[in-house]
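See the structures that follow.
Shared between the two complexes below is chain A, which pairs with chain B and chain C, respectively.
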Partner chain A sequence: MAYQATRNRRIFVLFLLPVVAVLFLTTIYPMLYAGWLSFRNYDLAKPFIPRIFVGWANYAEILSSGTFLHALVTTLKLMAMTLSIQLVLGVGIALLVTQRLPGMGVARTLLLIPMMISPVIVGLVWLFLYFPELGYLNYFLSLVGLSGVGWITTTTWALWAIAIADIWQWTPFIMMGTAAALHSLSPEPYEAAMIDGNSRWDVFWRVTLPQLKPVLISLMFLRAIDAFKIYDIIFVLTKGGPGDSTEVLSMFIYRESFTFWRMGMGAAASFVSLAIITVLVTFFFKSLNRDRSALE
Partner chain B sequence: MSSIALEKVVKRYGAFEIVHGIDLAIDKGEFVVLLGPSGCGKTTTLRMVAGLEDVSDGKLSIGGRVVNDVAPKDRGVAMVFQNYALYPHMTVRQNMEFALRPLKLAPGEVDRRVRETAAILGLDALLARKPSALSGGQRQRVAMGRAMVRTPEVFLFDEPLSNLDAKLRTQVRWEIGKLHKRLGTTILYVTHDQVEAMTLADKIVIMRDGHVEQVGSPEDVYTRPANTFVATFIGSPAMNLVPARLMGGKLQAEAFTLPLPDRFAGRTAEGQAVLIGTRPSDVTLTAADNPGALRATVEVTEYLGDDALLDLRVGLHEMIAQVPAANRPGNDASVHVTFNAAGLHLFDAATGGTLLS
Partner chain C sequence: MGRMRTLAYAVALCMATAGAAMAEKPFEGVELKMLGIGDTSVTRLAPIVGEFEALTGAKVQIDMFPYPGLVDKIIIEASSDSPSYQLLWVDSPWVGMLGEAGALVDLTDLARRDAADIKLDDIIPIQLQENTWQGQLLAFPASGMTWLNQYRADLFENPGEQAAFKAKYGYDLAAPTTWDQYRDIAEFFTRKKGENAGGKPLENDLYGASQSYSRVQGAITHDYFPFMRSFGGDYWDPQTGLCAMTGEPHIKAAEYMKSLIPFNPPDYLGLMWDIQSGYMERGEAAQAAYWSVRSVRLTNPAEARLAEIGKAGFAANPTDGGKPEPTYTGALSFAINAKVSDKEKEAAWAFIKWSTSEDLMRRFATEGNGVSQFRKAILADPDLQQKYPYYKVLLDSQANAKRRIFHPFYQDVEETFGVELNKFMAGETATAAEALTTACNAVNSRLKMFPVETRLRWINDVPAKVLAD
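Then we have the complex of A and B:
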């Protein structure tokens, strides 16, 4: 018996090994290595120089550097712009496509397309639209008598250009989640409100929205994590420019690591980002739990 | 002037007609119950009155005003839904307050109404709870409270008790009855439970397949059923129906002959095919030598406590008798029965309509 149990246990571990190995190689090892790197001075341009231990120097430099803080602020700004507009648009469109109107099923499917395209392609599509001289967007604007703007070439518009592309791509995600949640709400309270004579506005604010809140928080949370890591669209459209107007955290990390070859700095910046996301997650779960208990 | 009036009201879904030209007048303050088997169109009719479904054809008036094209909120009705339809994220108090919002009352008045209603329905202690923290009976009372705070002209109830257990059902039924006496509001109430209908209604409307079969007081529909459908639908166990023919002034059934009671004189034709209806309680055991005693065999005896139900075979006919349980015969016993002539019903075999109308 004892022999059998040990044997089974060994086989059990054996079967787990490949998964553990893959996890280790792709996630745990790089993370540990990055952690190790973040305390070293490692210049990839001079790989022969020993990787000296520098303590918290990298972190200190990052947190006191104007560029990092600027990148952090730009990231949060972009996040605020995209998330708020995606929320309003996504919920609005969801309310529209869940109406029993002809063509809504088709509309709903078509609206999901942007979400299925890889962000790099989305970036390229919008690059064509934004192109200063040849871009369609300015062409269409000229048709209605508006003078075009330098979408990706001026510091005024570049961040908005990125926000618009991101909003185009990810509003459908909010729409889809919200529409699903709307379908799961029971119809009778709405009939009751109809008989009692509550205004549509009142019903939306006081019946629909409170019931959607947990779902909306989850959707916003997923979007926030993505927005925090936004990279591909910016890389294709502006590479962080003009100037540093669209340099977000991931662009900062990329530049530190692969333009200036300062791997230690890049690793430390990654860890600071990770810390910020972790705080975000904790805060989110707290608020969601509070909300759950409020619904019960 | 009637409070609610339906004239030839029809409901169609596409080409499919569900409700076939219903006529119904409900007086102010009346408690009217729509009763019928599942799928007969009760809910559909009620929802048309509420304005949640369009009227396909005919005229629907509330308080003397045609409301076919009037929005639900402007009809002066309040509805209590079968599954309560409470706002799940709101407390009991908020549920009631939300129903009052469109009336734009002063905060003091809102508070007064909520507290008054809560007191009537015994919800005082529950005002701060969410629906998920309430029992079924409590939710039911909240749903009623939400309808009551608005002090509407008409209450609409759709099977409000069907989700409750037997004991709670009796209790809440009682409360609804008391409430009606107290408020005197017109009530249109849908159910497929005849006990609810008999105990609550001033007037019962019996429906089948989108038609009204009979309208009358509980006593009317029980003692003077208009046709065999009503006769067998109301009363439990169901009325016995035995086919017979009128021959020489007597009712000639396969296995027995009965004298025609006087009240049917002149209402029948010689040779007419009829159905003899007797309530199980009108089938009584008797001594063999009594005049008119019929031989019967007891197939099964069902003991109910005070009473027993006997599944009888009288010749070819099967029927049920409800007798005192004390000296009930056993299975397969051979007995003699007689029918209480005063409780005899006759229906035309072809149309099913009563011969007394």
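Then we have the complex of A and C:
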């Protein structure tokens, strides 16, 4: 019996090994290496600069850098813009597509398409739409007599242009999660609310939304992590410009690592970014747990 | 016996033929890959590399990429211990960066050895100097550029436009010699769709000028630096080797660029080189101070609508107040990765010699694809000057020329100034002085870690050893 248990444990470990090896090679080792790099003065393009240990100097430089602070603020601004609109639109569309109306099944499937496209392709699609001289959006505006907008070439519009592309791609994610949650809601509270003579708005506000809250927090939490790391769409559309109006944290890290080739600085900035995400995640989890406790 | 003799003769003949073929094709079996740009210096060449293989046996594959991001690929390639590319396309400002990193083969001895073969004397000296680092020739010009003035000659020569211009500004409409004139002309020709230009109603808006203001790959610096030099500025402090682009000429140049914004397309902050030159090619800009790398397209109806609807004119660029300032040059060149084997190095050098030879350059020019030139014989050819009016400007203006920036921290300079100048043009930074000071301080914060001797060595333009004899 004991022999069998030991044998099973060995087989269990044996089967786990490939996964652990892959995880180590693709996640743990690069992370440890990045950690090591973040304490070094490592410039890939300038091998004549000694690649020495510099302690916390890279972290200190990042945290005192106005460019980093600006990138952090821009990231948070973009997160606020995209998440709030995605939440409202996602819940609204979910309420619509869960109605028993003809064509809703097809609509639901079509709405999911943007989510399945690679962000680089999404960026390219929107580049064709936004392109100053030849873009479709300005063409359509000209058809109704409006002058074109410098979607990605003016500091006024560029961040909104990024936000619109992100909203288009990820609103279906909120919609899908919310629709699934709506299907699983218990009908009793609704029946009670109807008997009490509540309006549809009251039912939504006082019955549906409180029940959806834990799901919405989870969805927003996942989206927040993604939005914090947004890179591909910005790289394709604006590369952080014009000026520094769309320079988010990921672009800051990219520039430090692959334009200035300061790999140590790039690695340190990545860890600072990771720390901020960790704080966000902790905050969301605590908030989620508080809601669960309240519901129980 | 007779059969045996015949067989022996046949074997001997086969071996002799094979030997001769081997001798004729010295690089049989060698494979070369080039990391190149998708622009005229390479696109003309790529379709005919099979001819080089037929001559030498070496197979060449050219991978073409857009300019933005190309230097990143080259740096990664140069830092790799097992590189994939033997041949590298190099823009001349990268030479210091790649040179100090030891990434490129020194071509000095090869060029001296084959001086007659490559007609070294025929190459404009500044074009060779553009490719040197500490006197070593690290790349060989495949296309020689200057920053010149391209304009709508059909509009400039129109009597109605000339009369209206003179009435408004008090002097004759002609290719400008001062930046004030350039701005007057830009203002004069900025017109809306439907208005007249050259006596005909415009199908699209016409912009007075088209300059690069984009921050992507520091595009704005590729216009700002020549502007700055034409205002009499320079990059570095000759005493300290630190960034010195905060003086009066530097500020005036940035402010001047900003003053041209009302006459540029509305998406000026996104104007990269291809978009910028596109306005000239479509005939939607009256003039552009721009690199000659794409000038050939303006006279080719297959590549530019302007060749059908109007006529391109070329002139040396203006300066501040018309004071004589050296022409701002550049070279787009081919280099050899320092980590290749000796056999590959010889084959790569043979390819460079073939692809930059006078014969091939003349052939491109005759066929209508004349790349911006670095060979005097071609630029001075009267027939080719007739065909490519910008050739004469290239030849004449390089009599007094000064090379571009060539510092090991070039990419830092390009990116930092690109962002700060773009912010100034966008109105995010209040003054040119503030933008330039921020950029200079950022560059200097990195340079200050090096001793002054090193910094001074980096800004010292040592004459090319290949030109010493």
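In the analysis below, the second predicted complex is superposed on the first by the 277 of 296 C-alpha atoms of A that agree within 3 Å, B and C clash if a C-alpha of one lies under 4 Å from a C-alpha of the other, contacts with A are read in each partner's own complex, and residues count from 1 in each chain.
Note that contacts are C-beta pairs under 8 Å (C-beta built on N, C-alpha and C of every residue); 3 or more make two chains touch, one makes a residue touch a chain.
Just so we're clear, the structure is a prediction, and the values are computed from it rather than from any experiment.
For the composite obtained by overlaying on chain A, chain B and chain C can both be accommodated side by side without a clash. Look at A:116: by the touch rule set out above, it reaches neither chain B nor chain C. When the shared chain is aligned, no partner comes close enough to touch A:19: not chain B, not chain C. In the superposition on chain A, no contact is made by A:144 with either chain B or chain C.
Counting residues of chain A touched by each partner, chain B versus chain C, the larger count belongs to C. Contacts of A:196 after superposition on the shared chain: chain B is touched, whereas chain C is not. In the superposition on chain A, A:207 makes contact with chain B only, while chain C stays out of contact range. Legend: residue contacts after superposition of the two complexes on their common chain; A:260 is shown touching chain C, with no touch to chain B. Of all Cα pairs spanning chain B and chain C in the superposition, the closest are 50 Å apart. Counting contacts by the rule stated earlier, no residue of chain A appears in both its interface with chain B and its interface with chain C.
Of all the residues in chain C, the ones that touch chain A in their complex are 68, 72, 75-76, 79, 97, 100-102, 214-216, 265-270, 275, 278, 408-409, 411-412, 415, 419, 422-423, 426-429, 449. By the touch criterion given at the top, residues 50-52, 72-75, 77-79, 81, 83-90, 98-99, 101-102, 130, 132-133, 146, 150 of chain B touch chain A in their complex.
Here chain A touches chain C in the complex through residues 44-49, 132-133, 148, 150, 152-155, 239-245, 255, 258-261, going by the rule given at the top. Of all residues in chain A, those touching chain B in their complex are 186, 188-189, 191-199, 202, 206-207, 210-211, 294-296.
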